[in-house]
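Next, two complexes with chain A in common: one pairs it with chain B, the other with chain C.
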Partner chain A sequence: MATSVTRRAAMRASLVAVAAPAVLRHARGEAPIKIGMPLALTGPAAEIGEQMRHGAEFWAKTVNAKGGLLGRPIELHVEDTTGDPATCVRKAQLVVERDGCHLLFGMVLSSEALAVVPKLAEWNAIFVSSDNGDGRLTGSSFVPNFFRANISGPMETRVISLWLRRGEMKNFYAIGMDYAWGHNSIDVFKDEVAKAKKNFVGAVFSPIGTKDFSTYITKIRQAGADACFIVMQGADNNAFLSQAREYRLADKVQLVTSIVDLNSIHAVGDAALGLAGSTRYVFTIDNLANKAFVEAWRKEYGTEPDVFEGEQWQACQILQAGIEKAQSTDTDKLRAALETAAVDSIKGKAAIRACDHQAVQGGYMVKVVKKEGFKTPIPEIIAAYPGDEITPACRQMTFES
Partner chain B sequence: MDFAAFLVTQCLNALSQAALLFFLGVGLTLIFGIMRIVNFAHGAFFMLGAYVGYSSVAIAGNFWAALVLSPLLVGGFGIAFELGVLRLLYRRDHSAFLMVTFGLTLIMGEAIRLIWGVNALEVRAPPALSGIVFILDEPFPLYRLFLAAAGIVVAVAIWQFLERTRLGLLIRATSQNAEMVHALGTDVRLVRSAVFGIGCGLAGIGGVLAAPLVTASLAMAPTAVIDTFVIVIIGGMGSFLGSALGALLVAFVQVFGTYYFPDLALALMYLVMVMVLVIRPGGLLGKEA
Partner chain C sequence: MNFSRGLAAAACVLALAPAALPPYAMTLLTEALILGLFAMSLDLMVGYTRLLSFGHAAAYGLGAYTCGNLLLHTGMPLLFAVPLAALFSGIVAIGVAWVCTLASGVSFSMLTLAFAQLFYAVAFKWTTVTGASDGLAGIPRSPGPFGIAIFAGKAGFYYLVLACLLGSLLFCRMLVHSPFGEVLRGIRENEAKTLSLGYNTRRYKIAVVAIAFALGGLAGALYAPFAGFANTELLFWLFSGQVLIMVIVGGAGTLVGPIIGAAFFMLVSNLLSSWTDSWALFFGLIFIGFVLFAPQGIWGLLSGTGRAEGRERVRWRFLKSTS
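Coming up: the complex of A and B.
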């Protein structure tokens, strides 16, 4: 499972994806479709960057094996941004100006995407996001050359909120990492709890990099809530879940998280059991497109596709649909085509709407369970919500009710 | 949860936390006492301990094997580094050590990324210790009790080692006056290698023991090295008892402080450090600067 990430490996991999198979030989001379992909491949967001790279590479390989798109091979230009917005803008500019990419994927962090979008018009480039959650990208910071193929942060939270309205839990507590994301998410959650006419009994924030959560777990136990909403990621999330298991916290309190992904389940193993949360993509989604995708993915990588691998694949499908519809990669033609692009993809129907370029799509609530045939626990879908119920009104980040 | 149960479980939490901090702090302070160098790579050795622990569990299928193998391998690597690199630098300025050990942190971080990958890895506590016991009707993890006990056992063992064995005597003598020990016919260079290895090995044990609580991840090194410095500065650079005292103080302040003042969680440890330094600039048990 260990995959190494170095800048050089990243560069090499981008060339591997380009290596044209025999079928493509007739297409020699056709200009490749160049896609720039500035990604955080080192630093704290590297896990996600790595997944997005896998997703895009797998798509490029699949398309190239079939003779390319419009008869042109896909060429990915991957650059490492380290997760820093300034570096990200520089690397994006590099792939645009040096490599001549007018299509962009990547930008792992929303802060990176927010730094890049104001430049898109000047670069005459279209950016199709596969993971940026910040509501502002299709709201106050919207630009015409930006498209969001993935579920946004407000949509994710909406899924949880709809789910808890239905449930029997009454009192909610929350723990979040002590920075903007943690505070924002818990504010939104608090608001949703109030709308659902239930009680929010309190919240606590742990500094980034906290290793001992025993005191926080004591506080959660004492709060006497039915459920605890968790806004954590990376090492902090893993440490919290491992220790919550030590204290058998889940016996008393339903743990609900904003993110369920395979990486953290693999990292904490059985400690993830019983965890409920919304997910952007999960390999257990039951439809033909997803089954075929998971099968092909297993063959290629020997494992199940994770959240951002699936999300990236869907973003690739949407871009592909746009290019096929426009029969061109010219920025103006492609923008017009993408505005009405719709795919029946691995998550079901996903359709871009013209007013804010958000892909309207369904949302899933999952619970982590043990399943026959899997070494580690897996997320099982416990509720699904159609796109029109979870997508906010055009250019909005919140919901009326 | 009544107050008595709260108090007892929080104290036990603090003790288990202190044990982990002690494994880090005591190694750093021993190394500083003998070599007068600050080992910036201490956090990286701690992290290496966790990853070696992960592989030992994967290969030997047993946490106890990891607990033995990890300190040996990490300590061995420490000795090799001392022999191969640090030994060439003793005549140089102190800043050379900072640069080299800091560089080692970066190299080890990248090497671990290449060998084990970017994803965090699960290290499970042994089945015998993954249960809970009820203390005044409150569930408490056995593993945390084990940590607290391990901290006490290792602390007593190191103390006895320093007081009762010949190598312990040499270590104490070298930390007081290396030239005299050398003049009396002992190869001080060997003592240095041994101490560097022991210090790194202790960080390795800490890494294995911490892994079931935090998973083995690349995020371990940077935070660990800062905590370790704070403990050693509070206890007094080079003082064995000081590192134990520093670990206890920081753990108790952290556990109770976070409970009553969660907004100050990040600052508490540093507030203690500042207060100690104002009252005793050399640390609680350190030589006055």
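Coming up: the complex of A and C.
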């Protein structure tokens, strides 16, 4: 109860803080740019929802401090979806119809995004995803009003498979969360393993919100694989990694995860050492834009930005580039502008392609190591892959070779 | 007649709603009417036959998944898919009821719960049909036949829901005032006596469960194209509990009461949830208040059937049904 009250209070406060320069707006008569953000702020995916909120709030604050976008202040309308697709559709409809938002961020789970995208045309709204992984969103479920600024599930899986091709490991097992993203990523992984002429020995799926992974860990141990590919996030990921440590799973198989994030590392501590995986964003990326971003973030929050905070920031940059190019937030004009939007972002170059609205961008492979100056282990980049190597062909989820 | 005049007035007001209400209020109102239809269908069982079901979500879920699949995969027009899904739900219910009515009282309630959870478990695993935890997304409001497309729009779809609700209400009213309804009431008040009068009460119970499921399925079938989405939440026991609350808060055994109960539930849960995360706690207190102090429900309070005698009877009925 106490936490939820503070969260709500914080949400309201954030809306006020973000909208504060709106005082200027009235003086100049400029309408705010309203962005709806249905997010899982309670439930197993809450941690990711919070990160996305931070990322967007930080961007809104930065933009508003400079006088807004096109002279208009950014206004975020955050709603809690609890991570349930049905609630998410309802909350998205709420921000569109009640609050008049025709721009959407948020939707933590791919299953939520898949439920929402068929409605975008009816709502005349554009949704810029900062985290939805499921390949179908830019494939079979593609709609013109959807844009994916983040790296997709097939792309992060591709990063891992390219990295694994170099190694000696032969047999692979996989564990994923039992919903859209988990299934999609593991399907792609299976396909990649076959192309590399190695063995995929099996997979297991855990329902969202699983707390006890002992039976799953036993299955992984018994599978006799050299490596286990993990497709998990949020509370489930933390629970799995903590239990994997207790069962000394890493002694037996190399754990390779699709998203290495700081939150999980903080949760499991030194047990994360040696964990390899792809990451969508890591604060150790070496470029000027990222250094400036991390610096500003530290000043604001006193910590390093995590995966989804960085990804959200990039999504915001892409939306901003689109709005500046279109000089408007009108849905048709903005859609046309976003189709060719490109930014030099904190992850390097990211450019939307018109054919499926996926942002082509580089992928990173990291390993968790101990580094001086940091209390907990941090992800260090061990390989980087350019966008054209890891992005599938238009509207495809698997790769040619 | 008082009822028909009231109904006509309510229908007129509701028919004018799209002209006056903003889009979001229309969305809420449409959903409230769908839930109203769902609650009313349960009232046939709970209020008229004293068959307390803890698994009515099964009807809604069956209707929603059937309609969703028909619209997604067959290209069937909305106007055909909805009644077909309702019919399917009713047919499945015959089997469910055949098993459940082997027991009575609490055992009956537990069996209904068991069936609903069984459907829930199946829906969770049968990915090709139900989409498992991802659900069915992008359910269209397919036009036709003869290119009739007005139901695809917001207002058009609202009128379709309104027509289904009013039609079902008239049908249920006719039903409960028919000789069939008399037998149901007989079962409610004293099943042994009804049986000894020569009525095969089990057949009547199976029939009323089938009708309730068909109408509950109709509500679910409307929900799928309304939300454009269906997932396992629609089959979950929590939803069965919520619809029971709608019936009791609105006024069991009145048909109109549960519709009001559903609207009340939606309104209050919307208001409370925008104010606190623990809205269910406060709604629980409201529910306890109704059970203790106004067991005849909102409709009973409004229509003045809250006379001491009626109140005693309703309370007795409720306590007996839950004991």
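The rule is short, and it goes like this: the second predicted complex is superposed on the first by the 304 of 401 C-alpha atoms of A that agree within 3 Å, B and C clash if a C-alpha of one lies under 4 Å from a C-alpha of the other, contacts with A are read in each partner's own complex, and residues count from 1 in each chain.
Rule of thumb we're sticking to: a residue touches a chain if its C-beta (ideal position, glycine included) is under 8 Å from a C-beta of that chain, and two chains touch if they have at least 3 such contacts.
All figures in this text were calculated on a predicted structure; none of them were measured in a lab.
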Chain B versus chain C as contact partner of A:179, first or second or both or neither: second
Partner chain in contact with A:327 - chain B first, chain C second, else both or neither: neither
Contacts of A:264 with chain B and chain C, given as first, second, both or neither: first
Partner chain in contact with A:141 - chain B first, chain C second, else both or neither: second
Per-residue touch tally on chain A - higher for chain B or for chain C: B
Partner chain in contact with A:214 - chain B first, chain C second, else both or neither: first
Touching partner for A:86 - first (chain B), second (chain C), both, neither: second
Partner chain(s) touched by A:247 [first = chain B, second = chain C, both, neither]: first
On chain A, the residue positions that both chain B and chain C contact, one per complex: 1, 4-5, 178, 207
Of chain C, residues touching chain A in the complex: 22-24, 27, 132-135, 137-140, 227-231, 233-234, 276-278
Residues of chain A that touch chain C when the two form their complex: 1, 4-5, 8, 42, 80, 84-86, 89-90, 93-94, 97-98, 110-111, 114-115, 117-119, 141, 178-180, 207-208
Of all residues in chain B, those that touch chain A in their complex: 1, 6, 9-10, 13, 16-17, 110, 113-122, 124-125, 130, 132, 139-141, 143-144, 210, 212-215, 217, 219-220, 222-223, 254-256, 258-259, 262-263, 265-266
Complex contact set, residues of chain A against chain B: 1-6, 44, 46-47, 50, 178, 204-207, 209-212, 214-216, 218-219, 221-222, 234-235, 238-239, 242-243, 246-248, 263-264, 266-269
